[in-house]
Structures are given as C-alpha cells and as structure tokens.
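Each remark here refers to the structure printed beneath this line.
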Amino acid sequence: MRFLFKTSYAQDWRLARHGGQVFWYGLLLAALLAAPWVAGPYWTSQLTFVLIYAIAGLGLMVLSGYTGLLSIGHASFLGVGAYTQAVLTSHGWPFPAALVTAAGLSAAVGVVVGLPALRVKGIYLAVATLAFGFIVEEVMARWESVTGGNSGLSVKAPDIFGFNAGGAEAFYMVVLATCLLVTLGVLNLLRSSTGRAFIAIRDSEISAQSMGIHLARYKTMSFALSAAIVGIAGALYAHKLRFISPEQFGIEQSLDLLLLVVVGGLGSVHGAFFGAIFLITMPQLIAMAKDWLPPAIGQAAGLQALVFGAVLMAVVMFEPTGLYGRWVKWRTYLELFPTYRRGMFRRQRAFQKSERVR
Amino acid sequence: MIRQARLSTIAWIAVALSLPLIAQAQATQGVTKNEVLVGTIQDLSGPIAAFGKETLNGMNMRIDEANAAGGAGGRKIRLIVEDSSYDTKKAVLAAHKLVENDKIFITVANIGTSLALTTMPIFTEGGVIHAFPLASARGLYDPPNPLAFAFTVPYYQQGRVIMKALTDMRADRKWCSLMQDDDLGSELMKGLESKAAELNRKIIEKTSYKRGATDFSSQVARLKSAGCDTVVVGTTLRETIGTLNEAKKIGFAPDFIGTAASYSHLVPKLGGAVTEGFMSSHASSQPYADDPSKALRDWFAAYKARYGEDPGQYAVFGYASMDWVIKTLDKVGPNLTTQRFVETMETSTFPRDKLGFDTMSFTRTKRLGSEAVRISRIQNGRWVPITDYLQP
Amino acid sequence: MEIVQLLISGAALGCIYALIALGFVLIYKATETVNFAQGEMMMLGACVGYLLMLWFKLPFIWAALVSVAGMAGFGMLLERTVIRPILGQPQFTVVMLTIGLGYITRGLVTMLPGIGTDTHVLDVPYKGEVWNLGGLVLSAEQGSIIGLTLVLCLLLYLMFKHTKLGVAMQASSQNQLAAYYMGIPVKRLNGVVWGLSAGVATIAGLLLAPITFVHVNMGFIGLKAFPAAVVGGFGSLPGAVVGGLVIGIVEAFAGFYLPEGFKDIAAYVVVLAMLVVKPNGLFGEKLRKKV
C-alpha cells in the first residue's frame, strides 16, 4: 500500500503523483518507442491508428468530458484538418507549417460551430452540432476546386524538414511525438485555471457564472481547443490513409468518436486512449471470434454493430466511468489489498434533474 | 589428384544441397509447392454487405471448381477473406494484415471505390498483385502500375457510351440528369459532359440527391418543368425505383437510363411494372434461369443449387475475376512468380465468355481489360440488351 | 400550380419527419430524455409488420395492428430493462444508451432470416393509388401519412392536456423528485410512455415502408426528424408536426429552386437559423431558474 505524503504545494500540480507512476509510464514510453522494430508493420499500423484516434478522442474529451458539451458532429473537424493538410502539402507546404494551419483552421470552424453553444444547451446543442456536421460534409463535397469533391483527394507523404516521413516507422514516430505533445498539452490545460473553468461549467453553469467564469468566452475556447486538437488528428489521418473523401467524415465517424470517449471513460485523459484501443482492436477481435460462433450469428452482417452497441450499453448502464474507470477500480483493489471495501465506488442514488432549469 | 577430385565433389554436393535454400529465399510470397494464397477485402457487415456476400459466393464457386479439378497451375487455391465494413481504416488494416501477416500472392475483387484507391498502394508497394477490384475509378489502372489490373469500366466511360448510344438512336434529345452526390454521380456527369461537348449537345437540367435520400419529388418536378425527355440517373437500387415511381405519379415519362449501378435483377423485381422501359449501361450480363445461352443456364442452376438464391451481378463479378486469375495461373504453370504472372497476364486475351464480358486484354500500358460498355433495357421484367459493346 | 404541388409534396415529406418527431417529443415530454434510436424503432416496427405478412400471411390491417401492439409491449419491456436502471443519470448518459440501442437493433435485424441485408417490399392494399385533385397529384401513401400524422398529433395533444395521465407525465419530466412526492408512479408512467412512443414509431414505419422499402438502414431518416423536433420546440407535440412541415416544405422548395446540394442541407440550415433566432423552437417552453 502506498501512502502519499504531501509536503509542498508543487506536489499538487505535478504530472506524476509518485515514483511508481514515473516508472510505469516510462516503461510504456519505451515500449511504444521500440514498437516498430519489435512488433512488425501490421501492429505498427494498428498502433498508428490507435494514436491518431487517441488524439481525436482527447479533443472530444476536452469538449464533452471536461466541459460537458455534447457534440455529435465532431468528424467535421477531423475532415477540415484532413483536407487542409492535404491541400497545403500538395502545394508544397512543409509538414509542420501545414499541421499548425490545419489546427488553426479547425479552431476557427470550431468557434463558428460553438456560437450556438452560447445560447442553447443539452439536446439542442447536440442537434446543432449534428447539423453543422452535415453542412460541413456537404461543403467538402461541393467545393470541388479545392477538395476534389466526391472523387476524393490524394495526400502526399509528410515531408519534415526535407526528410520524407512516409515509411511506416518514420510516420509512426511522427504520430507518437505529436500524440505525446498533445497529451502533455491537454494535461497542462486541465491543471490550469482554464481547465478548472471547463470542469466548473460541466458541473453547474449557474454556479460557474456565480464564481465569475465568463461562460461565453470559456465555452468558445473549449470548442476552439477541441476542434484544433481534432484537426491535428485529422491532418495525421490524411497522411496515414493517403486518400481522403468526404464520406469518411460523416455521421458514422462522429458516432465512432463519441463511442470512443464514452467507452474509454468520459472525463479522463486515459479514457481517450482506452477508447481508441477499443475502437481499433475490437473489430479485429470480432473477426477472430467469428469462427467460434454459430454461423447464424458469426456470419451475420450486423455482428460488429451488435457488439459495439452492446458494449456501449453495458458501459453506460454498469460502468459509467468507462474502461478507464473499471481499470481504476481494479488497480485500487490491488493497491489496497486486502482492505478494499466493496462499496468504495458506489454511485449515489440520483433523481433526474430537469435540464431545462439547470 | 584425388584430393582435388574430392574437393570438387564436396563443392558440387554443397552447391546441390544449398540450391533448395536459394530457391526458398527467392520464393514468391504466398506461393508454395501446393498452394497459392489469394486475399480479398469485402464488405460483409456494412452498407453493401449483400454485394460483398454475393461476390464471395461467386469467387468461392470458381475456386472450388478449380480445386476439384486439381488446382490452378498444379496448386490449390486458398482464399483469405477480410471484412472492411466499407470503413476505410478497417480496409487499410486488413490490407496490411494480408500483405504482412498472411503474406498473400494476389488480391482479387476488393470491393469499394475509395477503399480500393486507398489500399492499392499498400498491396503494390508490398509486391502483391492487385487484381480486378470491384471499384470504378481511373486511378486503379491509370497510370499503369506493373502489379495492378482492372476490369470494371469507370462511370466516366459509361457516361460517354450512354451519351453516344442514345444520340445514335435519336439525335434530338433534351438531356437531363439526376445524380447521387458522390463519385458515382460526379464521374458519370464528367463522362456525359465530355461526350456531349464532342457531339455538340448540352445537359439542360441537373439535379442531385444525397446518398440514402428517399424523396425525389422536387428533383423530378424540376426535371418535368424543364421539359426533359431523356434523364440519366446516377442511382443505385432504391433510388432508381423511387425516381421511377415519382415520375409515374406526376405523369412524367422520359427515357430513363442508368449505369451499372442500377443494372441489377432487383430493379425489376422490387420495382415491378413501373420499371418497364428503364435502360442501363453495363459491362457484363445478368444471368437468368431461362437464358438463351445453355452455358449461362447451367451456371445459374449450379449457383442456385449451391447457395439457394438467384445470382446477381456481383456473383458474376466474383466468379469472373477469379476465373481470369485461375486461367492465368494455369498458363503460368508450376514455376509461379509475381513477375511471370504479370507477364502472362500482359500477353493474355480472354475472349467473350458465357458471363457476357467483352473481350478482355492487357498489355504493359493497358491495365483495364476492356473499356467497352453495352446498354440493356427492362422488357417484361427482364434485362434485354439493345446494343452491342460500344467503345467510349 | 407548381407551387401548390410542391407544397403538397413538401407537406407529405414533412409529415414523415413529423411522425418520427412525435415519437421523440413524446418521450422528451414525459421523461426529458431523447431517444436516438427512434429511427431504429421505426425500422423494427416495419420489419415486424413485413415478417408477419411474410410468415403468417396476415392481411395488412391485421399485421399492422398486431405489430403496433407488439412493439408497444416491446417498448415497455425496453424501458423496464434498459432505461429504468439508469433513471436519474444526466441526459448525456441516456443519449449514449439509446445510440447503443440503435446499433444493437440494426445488428440484430440483419440476423433475422427474413430480412438480412436485403431490401423488401411491403404489400400495402393502397399501393400505387394516386388521387388527382384537379391537376394536383397526391399518392395514397402520402395521403395516408398526412392523415394519420394529424390524427395522432391531435389524440396525443388531447391526452397530454386533458387527461390525468398526461399531466402526470409532464410533472414527472419537470421535477422527478417532486413527482414522487405527489404520489405519481413515475416508473410505471415511463414504461407507458416508451410503449406509446414505440407504437407511434411502428405506425410511422408501416406508413413509410411503401416509399422507402423495408431494409435495415431505413431508420436513418430519423436523423432528419431531429431538426423537425428542434424547430418545433422539443417539448411540444403540435410543434413537432409544425416543425416537420416546415422542414419538409423548405426541402421541397430548395430542391426545386436552388442549385444542387442545397436540398440535402436545407433542413440543417433551417434548424441552425431557428437556434439563432429562437433557441427554444417555435413552441418550446422557456424555463429559467431563479437564484
């Protein structure tokens, strides 16, 4: 059992709470760095997708998990980032400059999408973001001169200071570096006053307002930051797939992102990673399990939809803190063994509060 | 002298023993003495799962026929199937798995246009032949890639043939269009307009709809008020029937013509009487149980006996693409390498067969089997060809 | 003349959205949760009706009645098993739950032997009939949709306004704890409401089947019903119908007069405009907490 004695204020805001965390995360980082040479190209490709979706998940987590604003149109930011990156790199822009511009343009679109957020709440905001998602998708399809329309657009390999990073290992390193930077950025955001303001807005807007938090400014900032992060993920996504088309950024992708954050664990940075791992590896696991199932179920077209839906419902009903929450419970059990109490994480009985008078 | 002889004998024995090792080191991926590995990425659980399953049925039927007759080129064929659910990232992961983990020799009949365009580089850069994707895009065969072969005629060429063939039937037409707003519609429109410019025609009214739309009342009303008498529809199954129903309802009766996307036995089956007279361009035949050709009747019966349902266009595609691959494997014979397969394919010509494809031929620079397309019309609930194969 | 015809087509289209939106609003009015699986409920209802006609050779009217009753029971069962355990959780949770429900429904329906991934035709007795009213054309399918939407809306509105059941439902949606104190059987009411909503969805599915055909993805039209409900104001039943009509008519006119592509996003532009001008919709209620 570990006892944390706090002897200075600095300990409250350190990234790693104790040496054990430093050790384990260090090991994880070493494993990730060694992965391309140990695991082979197929697993490297999977890890690259996991990291890209983790970045996108972090973006949505900042908005939905930490500011409490539900968004069902987030794939549009992924698309804006992807198309910006594709168009700029095809005009010869270097990768870092294009990436920053993609993030910036996504943030600008995020501000526009966030404008209704200032006036509406809850389900109305969800429908507004849904509407924006469809509109942005249509714009991407119609603006043929820039985006190539429905025929799609080819994307060149990333060119970093003259070094072609298109190979599997090189691109994986680029993605890993970006992911680390984004994660550190989000962790810093949450340690800062802006992050605390976001969490206050999630918990109770009226209380936040009473504490002096300017709702409009912080909500807009949340949308902009979230869109910027998802835009970065989109830019990397474009380089990974080498070919993008508007249909990849529709409602299905938005629902995938939502699934990612909810199953991973809403309201935690780890949740984005757990969710990304779930989203990318679950289809492979289902494909492997198909052979053990009776043909009526195993060969059915809707098996993956069924499994995804079932997992989502199970998470929502039995483990609202998601996969990360379940992991925290196990870890606590192991840490406190044998003094773990069954009721440690039990939820309080709640009565539904009307969102209309929140 | 004896020592020299012994040394040279030892040297010869050493070389003889290491020959198999050298041969193994240079062996082609996916090829063993008795087996050749074929991969395919289908949609088995997504929006076009019905087509994916049908394609797989067609492919398996041809593979089992070949394996029962002793294999292709002396090797049994083993098919490894991956499911993309029409999702690009799953297709990319599946492609990596096939190339790097399963180490296949050739991939056949991958379904989905944007998926094929995304995954083709993974295969070709990994040294795996990318053959006959079920996708319509110029990028799959042009610029010519040494490891890529295609057979589906893109919608661009289909549009050109539609414009030319119908103009030949009757020159004075008021052309209009109803397009799905994706690559199907945009490529078809480009093809139509390119031929229209050559023939000095114009498309006077253009309408579109989003994939999955169910209401066409305003589009059809617009076409009627523009006075169209020839409407090209870039639609798939349900939208075709929806458009025809709407047109009948408001008493609008132009010539409707679609593409291979609407050339399916399900159109007359689900649409009924309203589909009479509807035309489509296509590059293969719809098999019927009572087809005039005996070979096609037998094929139909064999498919139905095996799978319990009528074969559609996708079963034809699956069967035909495997058929061309198997014929080439037979021609190459026991000494199978990627290079020899490609060279054999480049000198091959596949004549018109029972499945209705035009003559397919490939060369170093021509990677699309045939650009020719023909037009059929629904008469008495069946598709009947009204033109021969026409070049775009 | 064209304009009137467009109005009629737009109204017919709008009533489709309105029917599905009625289901949303019903649940929202009584439990303040949004059912993102409403489109899938509609699809399930249509599939049940189709299978009843296919396997048991029931005539259309009987198949319709049995499927509506069956789906109503299924809705109540759903509420009991899936929604009740998470009673009291924030709205976001229920939204995600219903999204998961939608996925599961789509997955299960593809495993049903009669449906699979194919498209099927529902044989309705009025198929193909067209009514000609002096140059204006209205198909029987469209007419039945308009008629039934108006009837349903009227009945539900009267129920909510004048019966004890309806008033109790509204009370429990506004403040659940207070509703408990007043002796309202909140849980049972929720079950009734979900059953009612599933029944309405089935009616929508059966009426829509001749136009969209019965297939596993026919529920995606439910996505357009959201803008309809939002435009009308989420807590208002007449609002759902008016919202649907507005969206349908705007779409019809946009498809006719505006260039390509505008018809598809017309609904969403309208909803955004409405949220900017009148965030609570046309008939939505505006409640404010006083501190």
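Chains here go by letter, A, B and C, matching the order in which they are written, and residues are numbered from 1 within each.
Definition applied: a contact is a pair of C-beta atoms (placed from the backbone, for glycine too) under 8 Å apart; a residue touches a chain by one contact, two chains touch by 3 or more.
Since this is a predicted model, take the numbers as computed values, not measurements.
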Determine the set of chains touching chain A that also touch chain B. C
Of the pairs B-C and A-C, which shows more C-beta pairs in contact? A-C
Just give me the whole-number Å value for how far the CA centre of chain A lies from that of chain B. 37
Gap in Å, rounded to a whole number, between the CA centres of chain C and chain B: 40
Computed distance of Cα centres, chain C from chain A, in Å: 32
Touching at least 2 other chains, the residues of chain A are 138, 141, 300-305
Shared interface positions of chain B, touching two or more other chains: 45, 49-50, 53, 181, 210
Overlap residues in chain C, where contacts from two or more other chains coincide: 110, 116-117, 260-261, 264
Which of the residues in chain B end up touching chain C in this complex? 45, 47, 49-50, 53, 179, 181, 206-210, 212-215, 217-219, 221-222, 225, 237-238, 241-242, 249-251, 266, 270
Quick one: in the complex, what on chain C touches chain A? 28, 31-32, 34, 82, 85-93, 95-97, 99-111, 116-117, 173-177, 180, 216, 223, 226-227, 229-230, 234, 260-261, 264-265, 267-269, 271-272, 275-276, 279-280, 285, 287-289, 291
In the complex with chain B, residue positions of chain C that touch it: 2, 5-6, 9-10, 12-13, 110, 116-121, 130, 137, 139, 211-213, 215, 217, 220-221, 251-256, 260-261, 263-264
List the residues on chain B that touch chain A in their complex, please. 44-46, 49-50, 53, 82-83, 85, 87-90, 92-93, 96-97, 100-101, 114, 117-118, 121, 137, 139, 181-183, 185-187, 210-211
Could you list, by residue number, the parts of chain A that touch chain B in their complex? 40-42, 45-46, 49, 138, 141, 144, 149-152, 154, 240-243, 245, 247-248, 252, 280, 283-284, 287, 299-305
